[in-house]
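First the structure, then my questions, so here it is.
Chain nomenclature is as follows: A, B, C and D, assigned in order of appearance, with residue numbering initiated at 1 for each chain independently.
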Amino acid sequence: MIIVMRRGAQEQDIQHMIQQVESLGMKPTLLRGTERTVIAAIGDERKVPVGMLESGPGVDEVLPVLAPYKIASLETKSEPTVVRAGSLNVGGGNLGVIAGPCSVESEEQIIESARAVKKAGATALRGGAFKPRTSPYSFQGHKEAGLKMLAAARQETGLAVVTEVVAGEDVELVAKYADVLQIGARNMQNYRLLEACGRTDRPILLKRGPSATIEELLLAAEYILDAGNQQVMLCERGIRTFEAHTRFTLPLATVPYLHSKTHLPVVVDPSHGTGHTPLVAAMARAGIAAGADGLIVEVHPNPEKALSDGYQSMTFPQFEEMMAGCRKVAAAMEMKMS
Amino acid sequence: MIIVMRRGAQEQDIQHMIQQVESLGMKPTLLRGTERTVIAAIGDERKVPVGMLESGPGVDEVLPVLAPYKIASLETKSEPTVVRAGSLNVGGGNLGVIAGPCSVESEEQIIESARAVKKAGATALRGGAFKPRTSPYSFQGHKEAGLKMLAAARQETGLAVVTEVVAGEDVELVAKYADVLQIGARNMQNYRLLEACGRTDRPILLKRGPSATIEELLLAAEYILDAGNQQVMLCERGIRTFEAHTRFTLPLATVPYLHSKTHLPVVVDPSHGTGHTPLVAAMARAGIAAGADGLIVEVHPNPEKALSDGYQSMTFPQFEEMMAGCRKVAAAMEMKMS
Amino acid sequence: MIIVMRRGAQEQDIQHMIQQVESLGMKPTLLRGTERTVIAAIGDERKVPVGMLESGPGVDEVLPVLAPYKIASLETKSEPTVVRAGSLNVGGGNLGVIAGPCSVESEEQIIESARAVKKAGATALRGGAFKPRTSPYSFQGHKEAGLKMLAAARQETGLAVVTEVVAGEDVELVAKYADVLQIGARNMQNYRLLEACGRTDRPILLKRGPSATIEELLLAAEYILDAGNQQVMLCERGIRTFEAHTRFTLPLATVPYLHSKTHLPVVVDPSHGTGHTPLVAAMARAGIAAGADGLIVEVHPNPEKALSDGYQSMTFPQFEEMMAGCRKVAAAMEMKMS
Amino acid sequence: MIIVMRRGAQEQDIQHMIQQVESLGMKPTLLRGTERTVIAAIGDERKVPVGMLESGPGVDEVLPVLAPYKIASLETKSEPTVVRAGSLNVGGGNLGVIAGPCSVESEEQIIESARAVKKAGATALRGGAFKPRTSPYSFQGHKEAGLKMLAAARQETGLAVVTEVVAGEDVELVAKYADVLQIGARNMQNYRLLEACGRTDRPILLKRGPSATIEELLLAAEYILDAGNQQVMLCERGIRTFEAHTRFTLPLATVPYLHSKTHLPVVVDPSHGTGHTPLVAAMARAGIAAGADGLIVEVHPNPEKALSDGYQSMTFPQFEEMMAGCRKVAAAMEMKMS
């Protein structure tokens, strides 16, 4: 790391910081400039709480040089990770499409949805049984009963099931029914949950929190990887910004950026990423053109009657039309869509 | 709520929406303007998933009229809630000051800290035993051993203990040692944890997530209140913005705004809210002047050696100086500081 | 507009607000709910300073119903506007590609750039002669001499010239040489400049300010349209968010959103929108897939020697490769690229 | 600056970058770490377009070490600048209070306002004659006639006049009537205007743009200082964030942060910083407690009838009450308020 001393820092402060760097097992190099003195500390800064040094005497700022994540890094593993779960293939040229309702509402609803999204070309089924909801007065999901409905829909259609798990203690239960465990945006830094997901053998879909930096997302993935599970998909689902015409802002530059930093595949969620049905298809296409390895999209038999997220759910015909557009862009990108 | 129809919406769409409103148990009023038609739906919109209506035919947007939280609302309870936990009084003219290190590192460190912050005027001790950390490679806290060290420090100084709980399954354990349970910013929407905190009899310090709206914060509080625990303090600890000269942006207007919406007391965290020690004292004073009911501040015997958050921790002398300034502003505000 | 009264608002306050609404020439409808009283004001709210009503007694909030822009609105003109300027066609199925260096540095540099981008398929040349720079110590552009170099490059290649104008008093001068006048992001709300651009007969490329809402962008366009110039292209070039891995965050959902609100064409700037050359091509493709009518891209003979924006400029071979990818996506979208 | 090379960067790339650094007149030091190679470039990096180096072969990132502003820096001038303009003193222990309506609406209105704010303790009068407005359909100000009304109010009360100038070509005219020229948030990077303000002898109140970084604000000030005018006040008036309960987010930590970087005084605008009258007084007090050197506040005889900004304007009695609270906090801070 680079320690920038304040202009006019005392000689004793500089010597103190050099000793600090050495005591942390790093090699200091002192660079005296005309305006500032800088200490370069060479070594593995990941083991060092940078904060220690920032509060040192005469220190102006500390600039880290190394990324703090390791296993997720392209420097550790250069070939792309391909995640496979039944009918779903994501990464390495495969474009997975996960579609279905926000919440599992009934067996009829989820089976009808599974059939429709499969027919339109989806390769996995989404549906929430454990629903984290902003308000305690909203529908909270059918829990295990919902998981059984999802399993029935898989039985019926062959589609892999992707569903959310909201607490470490539920991982075993959800893994009994699901093919892929989703960690929601609100839980991206629920470390107890990340660790539990790291100990299961189910692939994980890890959603970016709405104010998480890319480094924080990769460090969250690192918790799962470090606990032993290498089948992790990252999901961009939009960030909180000042924009009010969309519910979140979907920053697609994260797709190529992540591909330049990590071997993990990247899935785009244009439903949460916009929060308005009329914008979803355009952003699904844009996600593919930006290089996404997968999409996750909310589709409902009757969005007007949906118990959650109706404002961003597509009808079956809307989803079919979206898929037609996506297929053309995927072909232009030479991505396999099934 | 107000349903704004698109210009040129069909008559059948308007009639359809009127029926939808009625089927949700609300009373529709049709308002035909020269440019737009609007349907006002009168009734308790809190029970209704607004999304249902937004996806209706011909609908441009749906504007909610009622706040979605109830128990937290000033409309439900107009006198301010005062939270009391041993030596700590927060709200109703009492300014509580919670201070101590980010992490409990050793019994010696926490007892030394407790003595120092008490001497400077703090009315409660903070210290983390369960530490949610961005990187899996960072110090994760001493867990139950840390809780015991905190209890020893309380024994020694009489200061109430405020410490974080990170999972619903830990609530009982942490409540055995702590006087106040803190819910961290990353867990503000960990509903399993919120519900478990709602069932304990310990007061709760609920931190705002860095991208949470005030409505989301109050709905998170509502989970705790709705589960039976009325002793909730809200904590403003900074939000994620584009500003890079501070780690987070501390938006103090939330203090008077919250006081205009809820009876719950508001605590300000100038340490996380700025992320840089030299800015903490000014923001502590500003928090009091904005009307805060409490402060929570990171103080460490030797920030340069801190296992976490050294860059935003004060030394004992810095904290004493901060408290001297705060006492003057508190006097100007007619707040009691002990 | 909808005036939501506070719970427990006095009858005299309600009557006062009804009179206020009437005095503004709007028709009030009083809706008494179980929890709140609401006054719907029907009429053209664009003429009314909403702020007047918000400060009224007993008022909780005022919700506008109509968009404040008119001429830019799809409700005023439903067919898409096509902007034509020499070799450049933008809108109505035509995808314009504007490319070239950030700054015009020399006649040789701009002519070399013009030839290269034309060969790769660009339909217009960009290059700055008047450069608004963050620091007073940075290169500020060659001014009129730069405009002459741009004209020479047009002479040489036939490409239309797009260049920035930074003050109302320069509009006439710049219009003498340029085919399209660009209003930069920093000047999106420089109303004196907008009005002057409204009085010229050159088409305008209006860039969104990094913290402007879509409504503010459309109102800025409205200044130009209202002054008489109907040839306006809107340009999404990224917004300021907490993300630090890109210089700005490029929110492509603005493309379909704008198409749902305005007839004006939308150009995407993936260079400023990311601020890093390696991310530009992916976001150019994504912009097209999202429905953009044009692209504006920074290309430089030798980015390492560029006097500005080298970090986001493409080399000629990088731009050629980008264009090959864009052509495939444009074909998938059935857009004409020349 | 520090050039971080990619892992596995080629030796020839490293040598190329060393030559680049030398060709820019800086002294390179090569630091080979176990994981990365870093090149430290010592010298005055302010003269160098950093972008040049970032696009070099094998470069991962370039970290600047020096702040890019000079004259504004505390390193250049360590004693605080005190700005004086007639009745107004700002900086060096003097707390200036600038108050008045958003727009000058009539001579009667501005004189009545001047008397009222003077009586309550304000030391300067604000009022807009040239109004930059988001919508072309809003009231745009009385222009020179408004300036004359301001001069009349000064004549009547002795209060210094602070008013906005929106274009370089107007500076001379506005300076004829005003004591302080205000550069609005929308114009913070209108460099033509900054330069013109740098050539006048009137003090300048420079407002931070809603998405400007502190570095950008100081560089904008640098344009004025570099052109010869040393009497510059910086004004924090709120930034654009995701928060919707306030019109802007007022980040008061900028006050102590600016004091640690620059000698220029800092004024806080709690009216625009919150956008809601009921929040203004608390944020005015908080601004003082954070260390502000001045306040600028919107006050109107009848906010319900204001032609602009009624929602954030105080009545005369509200302003008097605000001033009573501010006086107490100012006394606690040992600031002079007249």
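Please note the rule applied: a residue touches a chain if its C-beta (ideal position, glycine included) is under 8 Å from a C-beta of that chain, and two chains touch if they have at least 3 such contacts.
Only a predicted model underlies this, so the values are computations on that prediction, with no experimental measurement involved.
The minimum number of touch steps linking chain B to chain D comes to 1.
Among the pairs A-C and B-C, the greater number of C-beta contacts is found at A-C.
Computed centre separation for the pair chain A/chain D is 38 angstrom, with centres defined by C-alpha atoms. Centre to centre, using the average C-alpha position, chain C and chain D are separated by 25 Å. Inter-chain spacing, taken between the CA centroids of chain A and chain C, is 30 Å. A separation of 38 Å divides the Cα centre of chain B from that of chain C. Residue numbers of chain D whose C-beta contacts span two or more other chains: 211, 239-242, 244. Residues 2, 4, 7-8, 29, 31-36, 38, 40, 42-44, 63, 65-66, 75, 240-242, 244 of chain D are the ones that touch chain A when the two sit in their complex. On the chain B side of its complex with chain A, the touching residues are 20, 46-47, 49-56, 68-70, 132-139, 166-169, 186-187, 189-192, 209-211, 216, 219, 222-223, 226, 239-240, 277, 303-313. For chain A in complex with chain C, the residues that touch the partner chain are 211, 213-215, 239, 241-246, 249-257, 260, 273-274, 278-279, 282-283, 285-291, 328-329, 331-333.
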